[in-house]
Amino acid sequence: MADVRAMREACGVFGIVAPGTDVAKAAFYALYALQHRGQESAGIAVMGAGGIRASKGMGLVTQVFTEKDLAPLTGDLAIGHTRYSTSGVSDVRNAQPYVIHTGMGPLALAHNGNLTNAPALRDYLLQRGVGLVSESDSELLTQLLAQPVPDGEDTWSRRIAQVMRLAEGAYSLTLLTADAVWAVRDPYGFRPLVIGELPGGWVAASESCAFATIGAKLTAEVEPGTIVRIDRHGPVVERPELPTRSQSFCSFEYVYFARPDSVIEEQLVHAVRQRLGQQLAKEAPVAADLVVGVPDSALPAALGYAAASGIPYGEGLIKNRYIGRTFIQPTQALRASAVKLKFNPLGANLTGKRVVLVDDSIVRGTTAGPIVQLLRDAGATEVHVRVSSPPVMNPCYMGVDMPSRADLIACRLDAAGIAKEIGADSCAFLSHEGMMAAVRAGLTRARGHCAACFTGRYPIEVPDVG
Amino acid sequence: MADVRAMREACGVFGIVAPGTDVAKAAFYALYALQHRGQESAGIAVMGAGGIRASKGMGLVTQVFTEKDLAPLTGDLAIGHTRYSTSGVSDVRNAQPYVIHTGMGPLALAHNGNLTNAPALRDYLLQRGVGLVSESDSELLTQLLAQPVPDGEDTWSRRIAQVMRLAEGAYSLTLLTADAVWAVRDPYGFRPLVIGELPGGWVAASESCAFATIGAKLTAEVEPGTIVRIDRHGPVVERPELPTRSQSFCSFEYVYFARPDSVIEEQLVHAVRQRLGQQLAKEAPVAADLVVGVPDSALPAALGYAAASGIPYGEGLIKNRYIGRTFIQPTQALRASAVKLKFNPLGANLTGKRVVLVDDSIVRGTTAGPIVQLLRDAGATEVHVRVSSPPVMNPCYMGVDMPSRADLIACRLDAAGIAKEIGADSCAFLSHEGMMAAVRAGLTRARGHCAACFTGRYPIEVPDVG
Amino acid sequence: MADVRAMREACGVFGIVAPGTDVAKAAFYALYALQHRGQESAGIAVMGAGGIRASKGMGLVTQVFTEKDLAPLTGDLAIGHTRYSTSGVSDVRNAQPYVIHTGMGPLALAHNGNLTNAPALRDYLLQRGVGLVSESDSELLTQLLAQPVPDGEDTWSRRIAQVMRLAEGAYSLTLLTADAVWAVRDPYGFRPLVIGELPGGWVAASESCAFATIGAKLTAEVEPGTIVRIDRHGPVVERPELPTRSQSFCSFEYVYFARPDSVIEEQLVHAVRQRLGQQLAKEAPVAADLVVGVPDSALPAALGYAAASGIPYGEGLIKNRYIGRTFIQPTQALRASAVKLKFNPLGANLTGKRVVLVDDSIVRGTTAGPIVQLLRDAGATEVHVRVSSPPVMNPCYMGVDMPSRADLIACRLDAAGIAKEIGADSCAFLSHEGMMAAVRAGLTRARGHCAACFTGRYPIEVPDVG
Amino acid sequence: MADVRAMREACGVFGIVAPGTDVAKAAFYALYALQHRGQESAGIAVMGAGGIRASKGMGLVTQVFTEKDLAPLTGDLAIGHTRYSTSGVSDVRNAQPYVIHTGMGPLALAHNGNLTNAPALRDYLLQRGVGLVSESDSELLTQLLAQPVPDGEDTWSRRIAQVMRLAEGAYSLTLLTADAVWAVRDPYGFRPLVIGELPGGWVAASESCAFATIGAKLTAEVEPGTIVRIDRHGPVVERPELPTRSQSFCSFEYVYFARPDSVIEEQLVHAVRQRLGQQLAKEAPVAADLVVGVPDSALPAALGYAAASGIPYGEGLIKNRYIGRTFIQPTQALRASAVKLKFNPLGANLTGKRVVLVDDSIVRGTTAGPIVQLLRDAGATEVHVRVSSPPVMNPCYMGVDMPSRADLIACRLDAAGIAKEIGADSCAFLSHEGMMAAVRAGLTRARGHCAACFTGRYPIEVPDVG
């Protein structure tokens, strides 16, 4: 997706139980591998002899933590978090894990997702005499977990189950209590959450890419609507009684969010993306000399498109690797643009060629035009845009930060209109059916997916928006 | 008190209701004048159209706030706070005012004091399902205020009265709610709290010195055990039903904490300090040529001693005005010391003189020795130390950060022993009776005072400490 | 090159003359595109009405400059610089451009390269009564330029020529004087330097990739041993009388340093790298199922190797894009490593495959081993390492920061020994002849190159080192 | 002087030779005591085994240096500096000591003063081929010292003497070379410079107050026009051949700049200020009830006025001790002002009293009015302003940063006019003759002084200004 920051995953979570291991450092490396799921803030909380100690800060994982920050975080259990704000408030006070004292002892929470009934939950807590310091879903979840179970034995398991019955929406959580790390996933299973094994320990994470970095092996997914309790004896799965929900894993994780080296639903994301490209070649063929992907996220789909179409694959755009938010506004006279700062064309590779430009998605559509122009200026005679997902036409309420409908180009224009607006010779999107076929081709059993941002069919009740 | 930071006041609070005035700037100037009551952090909260907006930070008032921080803080009501931590945790998350959302709407709180039954209050809240994020008394107070009144009408007045019945200890509070600023003082009246009037508004503050800076006039004290509700129509005093407590205003505020230009219990603090010096001259006369005070806090007592004794007053020590915490440790070879960095003697004024050195208090006793030595090195032939308060021998549980008994010199030695240890020719303290007489000489009606740090007689149940 | 930071280019330079353009912003964008040539500090100097104004700082270009820094830098002429230190002293005082006042007026200088007779030049200046504040070559160059021409007319042209006769070694300079920007290149032409044209202006830069970003077009190289003076009327080439030197452009710029989208010696660097890969396939063929390049720098060579060998090209390693220096040391128990933090293998693409791993160079050899192991762990049955340049065996004295010989793996081991040490099934390097053939295949006229780091044959007298 | 920052001393210098002592820490403590002479930046340079190492930074001495900064500064010789900029450019690059390499070896320089022929010196250097990086006098002095002596033996002594013949104006210098620390004072002796003795070492400093802090004893002044060379064998005085100049020590050092505990010209500054107050009482008596000084600088004069007049001395104004530059602008509605932020009146001390308000000087006159008003508001029935120096009417060219004539109130109004403008019942200044008499009453031999800011009679040729 070349639309810089057009859609943003809300968060990455991690948990570890590993006596004898430096769990804070393990969390650091794991969060480093989950950096793509949140670049605004990061935090680590460890259960030590004197309770929970946490270190949090604004910025990239490597900016937030120093050896000195991690040194005091000793213990056998830890959780961690990387974050974007979906509410737009960027403040270290919103950095997670969120840590509180409760009547059951200390608790830390890391959350990926978005609750759809937050106002009702908020009112519920305020009426019970709980003061709230923020607008965040995560504070709601921790204060709900601080509420005693009204009848019967008061245990963390029963408290978590109680919260799962109250909260609606997307939540993949890691929790830290005195004796255990917990991995909790909503009944829809909107966001990913997996379990792994270390020599002498167990881990949980949003994506398996976090495991490779620390020498852990993926062993299982956290099934939707389940709780995995991990203590020093290993993980135990709990299945609380919950209303039935249809499984709805986010298809956009396959299209763009997840790292290509992660394994989700037992398949490598990179392989799914190659299949998306292959399917796209079948649905939208074109006579051309060269297949070029928009780096880096669309390269697997471009390789797939090239393989299926027989058109040679080549590099056509170089991406400036020196990431940094620049607030320096280009002037008209310079005719510079965010796209020119980010991408440079490889003239000699493109001159005189008919080019298929593969992108993984088009959201706002503001950068596709300048990229097409770059290729033409570098000598491409034709530019055919091929997108390895359907048009994005609907907002997400399940934990992804997206533009409003007014800013989605596919709400205004069809493929032909988009081709015209961005100056391409043609433009085609993968069909919803094609996408689902490519996603599901590698599954070993039937699974449900959410494609609401493409189709508008939400698996959950959502606010009524224009 | 020359014992650098040996005893520290816990906080300063402020509140203002003034439609048409820039209340954030008024709070800024007032906090600047209350800086001596807390130099670790500062904060301002304003009630505006969209609720409460707050700005807080670590450091001196002038370091914490910029014009840009204050600009968005628009409204008619505000509170502010300057802070030391008494618990020792120095963190911006503990900076006040503490702001929460409650079932009654938004609430901000600024607290000076210390609760003596915090563990019981904490347990009370946890058992009711409230998660707590810190160890601070101020969070306890806000969460207690978030609890609904169990029977009858639920109003802020009734909630505050309910909290006053639950909380034991020292608290002078300013609160900010949607329509009013509240000034609340515990039934003992340990810490100061006063009300003033502006053209077109009303203010509350720990000390009246904050009023001069913003053109306000002192109009009343907040009586112990009362609530002053200030809205756009002015202040109204409420007297909730509370168990009877004996009035116990802190005598150390007169001795050292309060600014000399503040008016407390209707008398100027500077005048009280002069009387303390006069009384000291009567109780502990000595034949000498010069009276010198330790700058700046002991100068009024030194002027009083000089006037009552007939011995000339003069400057004998110069204080380095460039405040800054230095972590550079002096080496033995240099024989430098914190005292030499802070004070330089005026040789020609001291040579051949018998000097009375007046200090307001001796706590640890670690700096008196070096100062006596400075005077001797500069040529003083005799040095007689006179202290305008009794020996400090007991910890404070009512909001003052103090050394433990093991570090109080008067727990180890009597006046003669202290004279020997610090190398003085003689040493004398003001008697408890003398101090109370000097304090009360200016009162227009009988009042009770706490002198527990001198006498060990606490007006409240305190933890049993060795 | 997967050896993180094993060899580092010393600097990037830029210059612009463009009345009516915001030259500071143009410099900002150009330096952003030259970021790969120096990430330690950056600076911009502009000639305005009141003389030269400069802004410099430590860090990436996007971190160093804000709109507020650039706003006062108004004028028609500017130069800029991005920097690594080759001497190891990292300090903002060494950030360039270096600005001085001289008897001829103000002067700013930006330097890429390294002088080989610095001690002699230093002594020359000290004996003439010039005090020096640093150890840097750039200060030497500016103070040499401050020296009047002893006979005849004293002009900048004659001063520059005088310095070119005194200084030995590598220097590609941009200079800023009252009326002109100057681009100066040493007689060997070690480091690149090119000239471009804007609508209404002219630019000079280390590489042409800086031109695309600002809408400029490459028009010429600065020939070795020449001075290009650019004023408001455009560029004029000056050829000072100098001793004859053999042209010696750095071949490592082709192998690794230069951006693939730059055009050097009239050929696209990306195309040269593809030819290096093709040549490598001819020299060192192997039976395999998949060609994988080490991202990002070796991908063009991998594409070339795949095309020439007929073995399919695929992605096998994912690079973590979130750059940041981490000082968190991995623990043994975690078995994490810098390589695991940087690269993750794509399991499903590699399982059961015989893999050709193409890298552009091997310097220390410390990371090749872990990468080979990553591929094996991910299921590769064979790993054949192919390197698109000869073994690096000699230090550089012409502006590249390199490890000493003791740290160069090829000084210790031959290809078979390296294969064994890094755990590869085989290892082969491109020959020197093969490299030169691939480099020169695209040239339109004969040119000389320096390959001293591969061959040990230096085109210039260098210090005698073990 | 209540005119906040109206006149500012330019700098403080220090030097030490003390084998076996931690000279960097000694410099730190000494600079801390010289903080009043410059609060913008500070620096320390030490001669160690590998040459000069320096640490410099912006801010107060306690902010600039940490233990970690000082630890590497090992050696037997050091110099230090605290600084204001007189040119207005506030930048760490201007922080001193200024360190260079010369043909004679390393050199560091710390300078207090201002050269009156800087443009000529600048031109001299530029024409000799020296590039200059700043506008500072100190760079001129170091580069002049880098110039070889044209004939005869080239020694530091001869180089320093050569520079003393070239440079005109005020300079009290400490220099650091390989074997010695040098203290150098211009032939007029405008700014102070003294020598002291440590156990096992020697020191030089702008003021003797720096000696007390480190256990050193004042032994001598550096006589105007002399060089004191201090090596491991102690100090040696050199008297270079120079044109005759009349001794002209700055009288404003006595009035305001110097610390009251410093000894200058063998007399305690505090004693001189008391005499100024006594003389003022004689010249400008008034019937009154109370003498109040503006804290802190005017308190000695107030004590002197009280003693000579027989009117009681008392505290009338409290100064807020929490220094910090505030950029928060007061609003009209609040009627707050810089004066109200800085001073609070002691109501009960002032009510119904006729007050003599003693200040040490009036420069801009902008704060005297608000202070008079403060006293009246607090109940003073009359306020008589008495100033212990003559009216300031002329700029200083010898190292003091002053307002221009347009901003000097005494250039516009006579004493009666000033009394009217500031709302005082009367206003009187000490006469020039009275000031000189009070200054000279304690001298043991005849000395010359500069009073040009009062009289307009400059002892040196100065630029022609309107």
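A, B, C and D are the chain letters, set down in written order, and residue numbers restart from 1 in every chain.
Following the convention adopted for this analysis, a contact is a pair of C-beta atoms (placed from the backbone, for glycine too) under 8 Å apart; a residue touches a chain by one contact, two chains touch by 3 or more.
None of the values given here were measured: they were computed from a predicted structure.
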Steps needed, at fewest, to go from subunit A to subunit D via touching chains: 2
Centroid comparison with subunit A (C-alpha atoms), farthest chain: D
Separation of subunit B from subunit D, taking each centre as the mean of its C-alpha atoms, in whole Å: 36
Distance from the mean Cα position of subunit C to that of subunit B, given in whole angstrom: 62
Intercentroid distance (Cα basis), subunit B paired with subunit A, Å: 51
Overall pattern in which the protein chains touch one another (line/ring/star/complete/other): ring
Those chain pairs that satisfy the touch definition: A-B, A-C, B-D, C-D
Sites on subunit B touched by subunit D in the complex: 20-22, 25-26, 28-29, 32-33, 35-36, 39, 60-63, 65-67, 70, 209, 212-215, 259-261, 263, 267-268, 270-271, 296, 299-300, 303, 313-315, 318, 320-331, 333-336, 340-341, 344-349
Subunit A residues within the subunit B interface of the complex: 93, 99-103, 107, 126-133, 142-143, 145-148
